[in-house]
C-alpha cells in the first residue's frame, strides 16, 4: 500500500505490515524490555534528548545492551518521523514509540542476548483530548498500589505494565472515563497509569515525591512553564486528603501534554470543573511549541461535537 | 524447511519463521500478557489441566479475554506437541510455551482488545540440567525484592518479569552459575526467578509461604512425592537464617523438575553438596513419569563431559 | 406513646425519646467508646456470652471501666429484649445494641471518667436481607486499608469506624449495592466494613488471618456449622487473586448471618451467582436456631417483590 | 438555671441540659463525625477561618454533608460565644467546640443521613496550663503508633480518637503528667495526642513532616511567630534520637497555645527545664492577641500555689 | 585466690582475673560476636547439644570461624563446669556463658580474623527468681521495636543487644521490676529482652511466630512439658490485644526457666496473679531435672523474706 | 617495650598490652556500648568537638553514663594523641578510637553499671587508601537492609555492628574490594558499612536522607567543601536507579576522608573511573588540613606499587 506507515526494526525501515517480531522474543514473552514515547509539535520531535537520556537510564537499570549509541538511535527516530510525515496533514502531530527488548529468548535463559529495537509512529487520540481538555477527567484511587522501587524501579520505563493495567481496570469500574490515581505502598499519591499527577493548593503546584515516580518529561515541562508564569511549586509526600482539599489538579503526559482532573473518588476538586491554572499552562505550552493545543484537538472532532465542546469551553472561561 | 518447528498463533498452525506479532502488540510493548510453561515426559504433556487452571487465574487477574475456552486451548497445546513430536528423537522431551497477550494496542488505550495467543515448543537445556543435578547450584539473595501482592500478584504468571531479571543479574555478579533467591518486602524467603524454592530442615521440607509466591506445579508435584516417601512438610515464613542452618535445599521448576541447591550467599547448605533427599525425590519423579531424569539429561552431554559427571555422581552416592 | 421502644441508659429503662446523651459525652465527641451488636432468634438473644466476652476484651483494650459486671450487663440486655419484645410480631427478630462510652468529657481530659452505657433494639433490614440472600452482593476492594493493629486493634470493637465508612463510600462509587472488601496494609484480604469475609476454594473454606480482624461471632458460628457439614476450613494470608479464583464467597455478620458474594472488582466469583455451600450453611444456621432465615426475610417483602425473588431463588436451586 | 451555658444543636440555641443527642446518633455509636476546637482571646474567636477551612476538609474526607455553608456555621460559632460570654469574667477565655456527626443511624446503614451539628463552650483548664508553662511536661513514646494515612487521614479531625486515648494511657503509666509523643508506623516522630510537637535543634525549629500529622492552627501560629522572631524552621523526618539531642521542645495546641516539653522517655531535653525559646514564643503569642498568657493562667490558681509557681518562674528566668 | 572462678579463654583455663581481652577486640569494639547462655541442674549442663546447635547457626550467620569443632567446644564447656563446680554448694546451680567474637580488629577491617572464644560461669540471681516465681512480673510494650530479620536475624544470638537494652530502659520507666514485651515492626508480639514470651488463652498456649524470634531452648522445653501435661499449643501472629484477654502469660529463659507474667501495660492478665498453668509447668520442669525450682530459689533468700514469700505462695495455691 | 602504644582505660594511661577488659564486660558480651573514631592531620585531632557532640548523643540514646564530662574526655583524647605521637614519623597520621561500654555485667542484669571507657590509636591503612583514591572502589547493594530507626537508631554510633558486617560479607562475595551500599527497609540508598555515601547528578551532590543515617563528620566536611567550591547539594530519598544514572559517587569516612566509587552492582557510574569532582574535593580537603592526602597515602606504598599508581593517577587526570 502506497502510504503504509514506515516502521524501524533492527536496523531497517520497513512497512508496518512487516514490522513483526518472533513470539519467542523476550519482549513479547516476558515484557523484558524498556520503551519511550515521544510526540511531535509541527512535525518535529519534542525534547528528543531528554527522552533519550531517560531511555539510557532504563537500559542501564535493566542491563539491556542497545547495540548502538543513543545518538544513533536519535537519528533513527528523526528518520522515522521524516519517513512518515510526508503523509500527514498540515495540522497533524503524532506519537513516536521506541521499544527495546532484550531480544530472542533461548533455552539457556542467559541475559546477554542481542536486543530487538523497534520504532514507529501512532495516531494521537485528538477527539478524546478535546473532550478531556474541556471537561476534565475524574480520577479514582484503585486498591492496587504502585510497584515499589525495592522491586522494580518506577523511574525506569519498563515494558512490564500489568501493575498499571490492573489499576486502570479497577478505576474504570467506577466510570469508564476515570483515570487511576495510584498510591504508593505508604499510601502517598504517586502517579496516573500513564501520566504524572500534579495538583494546585494555596497557589502552589504540589508535585508528588519525584523520587518514586517516573521522571516525566511533560511534568518537567509543566514545571518550567509554571516557573515562567510565576507559579511556585513544591515537592513532597501527599495523600488523597491533600487532593480532596486542593483547588485544581492535572495529569501530564507526552500525548496530551496536560489534562485537568475534576474529582477524586467522587469528591469534587475545587469547583469540580477544569481550573484556570490548567488552562493557562496548556495555553503557555501551546505558545512554546507554536501550536494551539485546543484548536488542534478540536480540528479532529466531528462538526457537531466540536460545536458543543466549543460552547462548553467558552461557558467555563 | 521440511522440519521447521510448528507454532500456534491466533488460530493457525504455522512454521516458526511465520510466528510473528506486530511490534504494536501490547505483549511486546508493555508485557501486557500472561503465560504458561509446560513440558513433556515421553512426549506427553505433564499435568496439562493444572497448567490450564493456573492460566485461567492469570487471565482473570489481568482481565484478558482468551477468546476461546480453556478446553479448546488444551486441545491446541496437544496438537502443538503432536505437530512437532514427529521430528523428535526417541529420548527427547520438550518445553511447550503458551503466551497470551491483550493483543494489538490502539491509540485509545482501551483494555478490551482481542487477545494474541501463541504456543510453541522449545528445546530443554539437558546439558545444564545434567551438571546441575550432579553438582547443584549456588544461590544468592539479591537486593531486589519480589514484587509484593499489593502491586502485582506473584500468583498470576504475568509477562512482566523485569523484577526477576534484575534479581538474576545481581545474583550472577557473584557467580555466573548462581541462581537468585528472592526475598519478599518483609525479608522472608520467596522464590527463585523461575523456580520455587524448598529446603529440608530437621527431616521436614519447608515451603516458603505459598500465598505470596507462584503456585508452582512442580513444587506441588514434589510435595506429593514427598508425601509418598513419608517426608513431612510444613509451610511458613522463613528467612535466610533458616536456610543457612538447613540440611538440604532445592529448586523446582517445570523444565528441570528439581535441582539441588548447595549454598546460599557463600554459606554451604548441609555438606555443601547435593543431598540424598533431593536425589530420592528426583528418582521418584522419574519413576512416576517413566523417565530416568538423570539418564535423559546425561544422554545430551558430549561423551567426555558425560563420563566426568557420571563419575562425580557415583562418588557422591 | 404506648409502644415507643424502651432503651437502657445508665441504669434506667426509658422510652427511646428520652435515651439521649450530652453532646459533651466522649462517645459523641471522640468516638471514645466500644460497642456490641447482638440479635435474637425467636425472640431470644443469640450467643449472649460470646458477645459479652468480646465486649470485655474491648473494655480492657480501651481502659474503659464499665461500672458493672459483665453478668449484670447481660441481665440488662435480656431485659431490654423483654421490654420491647411484647410489641413484636410473631415472626419478628431484632438487633440489640450496646454502646459503652467513657462518659462525659471534662476540661482536664483525664481518662478516668464514669462510663455511659446504652442499650437498645433496632429493626433488622429483612427486605434487604431477602434480596441479598437470593442475589448475592458484589464486593470491591477500596484503596483505604484496614487500620493496622499497631494503631488500633481490629479485634476490639471500637466506636471509631471512620476507616470503615470511607472504605464503604469508595466501594459504593462502583455500585450502590457493593460491599467493601478491605485489605490490610500488607495487601492481604481482611474483612468487610461490618462483616467478616470467607471464601470457598477447592472444597475448603478460607478464613483470612483472624489475628488481624474482628473475631466475628457469626464467623465462628459458620465455622462450627461447616464442621458439622464436613466442610474443612483453613486460616491464612490471602490476596484478591485468591478470591478471583475462588468457587464461592460470603459475608458473615450478626444481623444477616451469612450473605453470598458474587463478584470482586467486577470479576465473577465461581459462576457469579450465590453458590450451594452458602445456601447449605444458611439452611443449617436456620435449623440450629429454629428459624427459616429465607422465609423470615421474605415475609417482610411487599407481595410483588416477594414473588419475584422466590422465583429467582427456585430458578437458582 | 439563669446562667446555664448555651449550646447550639441542629439549628437551635438551647441550654446545656437540653443539648442532647440520641444514643442512636452515628456520632455516639461509631465516632462517625468530625470536629474542631477553637478558643477565644479577649472573648473573640481566634483564627475562625482557618478552623472552618480545616473542618471543610474533614467533611470532604468523611463525606459528611454539613447541611449549611461554612459561613453560616461561622456565624453560629460567633453567636455561641456571644450567648455565653455575657457570663464570663473579664479575664476569662474559653474553648469553643463544634462536633458534626453523620446523624441518626438507621438499619439500612446508608451514609446519606442528615448531619447532627453541635457547638458549645467549655472552660479552659488554666490551673494546669499555669503549672505546665512553668514546669514543662515530660513526654513518653508509647508503643501504639499513630494511625497511618492509608487507613484514616491524620489530617482530617475525625471523631474516632481511640488511637490517641490508648497512647495516652500507655504514656501515663510512666507519669500521670506525661504526654504521649506518638510515632508513625515508620518510627518517625508524629504528634502528641491532642497537640502538635516541635523541637529546637542547633537554633532551628524542627517540624515533624506535616504531611502525616494534623495541620495544627496553633503550630502554624508558632511558625509565624518564629518567623517574626527570626528563628528559622525546617520540616523533616525525625526520630526520638533527634529529640534526645535537641535543645528545647514544645507542644502546641488551641487550648494552651504552647507548652514546654522537658524530657522524652526520661532523657532530659536540653537542661531538662523549659527553655528560653519557648518563653519567647509564648510571650510573642500573648502580644499578638493582647493577653499575657502566663498572667491569665496564674489568675486561676489558688493563692498559695500561685505564689509558689511565680517564684519558680522567676527563678528559671 | 584459692577459689577464684576458672574461665576459659582462647584455649586456656585461667582465673577470672586473667580472663581479659584487648580493647581492640572486635567483640568489645563492635559487638562483633555471638554467644550462648546455658545453666546447670544438679551441676550438669542442661541441653548442651541444643545450645551448641544454635551457636553453630549463629556462627554461620555471622561468618565467624570458631577455630574448633562444636564437639570440642562442648568439652570445653563441660570442663568449665567441672573446674568451678568443686567450689559450689550442694544446692547451687550456675549459668555458663560462652562468647565468641571475631577477634582482634586490624586497620584493614577484613572479616577473616582469628576468633576470640571465652567461657565462664556466673551466679544465678536466685533471690530475684524466688520473688518472680511467687509474685510474677509486670510487662510493658516499649516503643522500640524488635530488630527485623531483614537487618539482623533475631534467630541468631548476636552480641549486639542495644535494641534490647533501650527497650528495657523504656519499660523500666513504668516500673523497675517491669520486663519489656517487644513488638515486631508489624506490631506483633515478639519476645522479652532476654526471654521468650508465651501466653495461655482458652486452654491453649499461644506461641508468637517463632520464625521471627530467637529459638529459645527453654521455650522448646516448656512446649515439651506442655505436651506431657496435655496442654495444646499453637503458633501464630499475636498482638497486645490477645495478651490483654489472655488467662495467663509467662516468660521462659535459661536462667530462671519460667516466670509468670501478671500484667501488660497495666492491664491485669487473668486475675493479675501467677496462674496455675505456670505453676504446673514449673513443677514439671523441676521433676524433669530433679530439682524443686521454688525450693532452690527460696534457699537463697534471707530467712525473713523467705518466710514472707512462702506465705504468699501458699496463699495463692 | 619502649615504644609500645599507650592506651587509655578507665582513668589510666597504660601500655597496649595492659589495655584489657574482662570477658564479663557488657561491651564484649553484648555490644553494649558506643564509640567514636577520629583521626589526626599533622598530628592534631580533627573536629574533636563534633565527635564529642555525636558521642554525647549516642550516650543519651543508650542510657550509658560516661562518668566524666565530655570536656574531660576531650582532654583524655588529646593526651592519648600526645602520648603516642612522639613515636610517629613526620608524615604519619593516625586513627584515634574511643569505646564506651556499660561496664561489667552482673547477674541482676541492671543497666545502671559503671562504664568502661577506652581510647587508643591505630594505624591508618594508607596503602589501601592510595589504591582506592586512584582506582576507586566498586559497590554492591547487599540483600541485608540497614537497621531501621524503630529498632536501633542509625544516628547513634552503637557498638553492635553485625548488621554492617553481614552486609559487608555479602558485598564481598562479588568482589573482595567491593564496599556494601546498604539500603533502608524502604529500598532507599542509606550508607556504606563504615562510611557515608554521596553521589553527583546533574551537577549537584545528592545526600541520602540524613535523618536515617549516621550524621557523618566527614560527610559534613565534604558538604562544607562543596559549598566553598560552589557545588550545590540536596538531600532526598534516592534509590539505586539514581546511582546508576549518576555522574560520580563517593564514600566519606574519618580514616580516608573521601574515596571515589566507580560502579554499583556492576553498572559503571559515569565513565566507571574516579571523577573530577571527587578529586577536587579531596584536594580541597587536603588544603584545609595542610596535608596532601594523595601524597601522604602514596608515601606508605612500596616503591614499585607507588610508581604504578602514580602513573595511573596522572593518566586519569
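Which chain is which? They are A, B, C, D, E and F, in the order written, and residues in each are numbered from 1.
Quick note on the criterion: a residue touches a chain if its C-beta (ideal position, glycine included) is under 8 Å from a C-beta of that chain, and two chains touch if they have at least 3 such contacts.
Predicted model only: the values in this text are computed from it and were never measured.
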From chain A, the most remote chain by mean C-alpha position: E
Equivalent of B-E within the choices D-E, C-D or D-F, defined by over half of its residue contact pairs recurring: D-F
Greatest separation from chain B - chain, by CA centre: D
Geometric centre distance via CA averages, chain D-chain B, whole Å: 59
Cα-centroid distance, chain E relative to chain F, in whole angstrom: 35
Inter-centroid spacing, chain C versus chain A (mean Cα positions, whole Å): 45
Residues of chain A whose C-beta touches two or more other chains: 61, 63, 145, 148, 150, 169, 183, 186-187, 240
Which chain pairs touch, all of them: A-B, A-C, A-D, A-F, B-C, B-E, B-F, C-D, C-E, D-E, D-F, E-F
Chain F-touching residues of chain B, taken from the complex the two chains share: 140-143, 145, 169-170, 173-174, 183, 187, 240, 265-266
Contact set on chain F toward chain A in their complex: 183, 186-188, 236-242, 244-245, 267
Chain A to chain F touching residues, read off their complex: 56-57, 60-61, 63, 148-150, 153, 155-156, 186, 209, 211-212
Chain D residues touching chain C - in the complex, by the definition given at the top: 7, 9, 16, 19-25, 27-33, 35, 61-63, 95, 97, 99, 101-102, 107-109, 111, 118, 120, 122-125, 128, 144-148, 150-152, 158-163, 165-166, 168-169, 172, 185, 194, 255
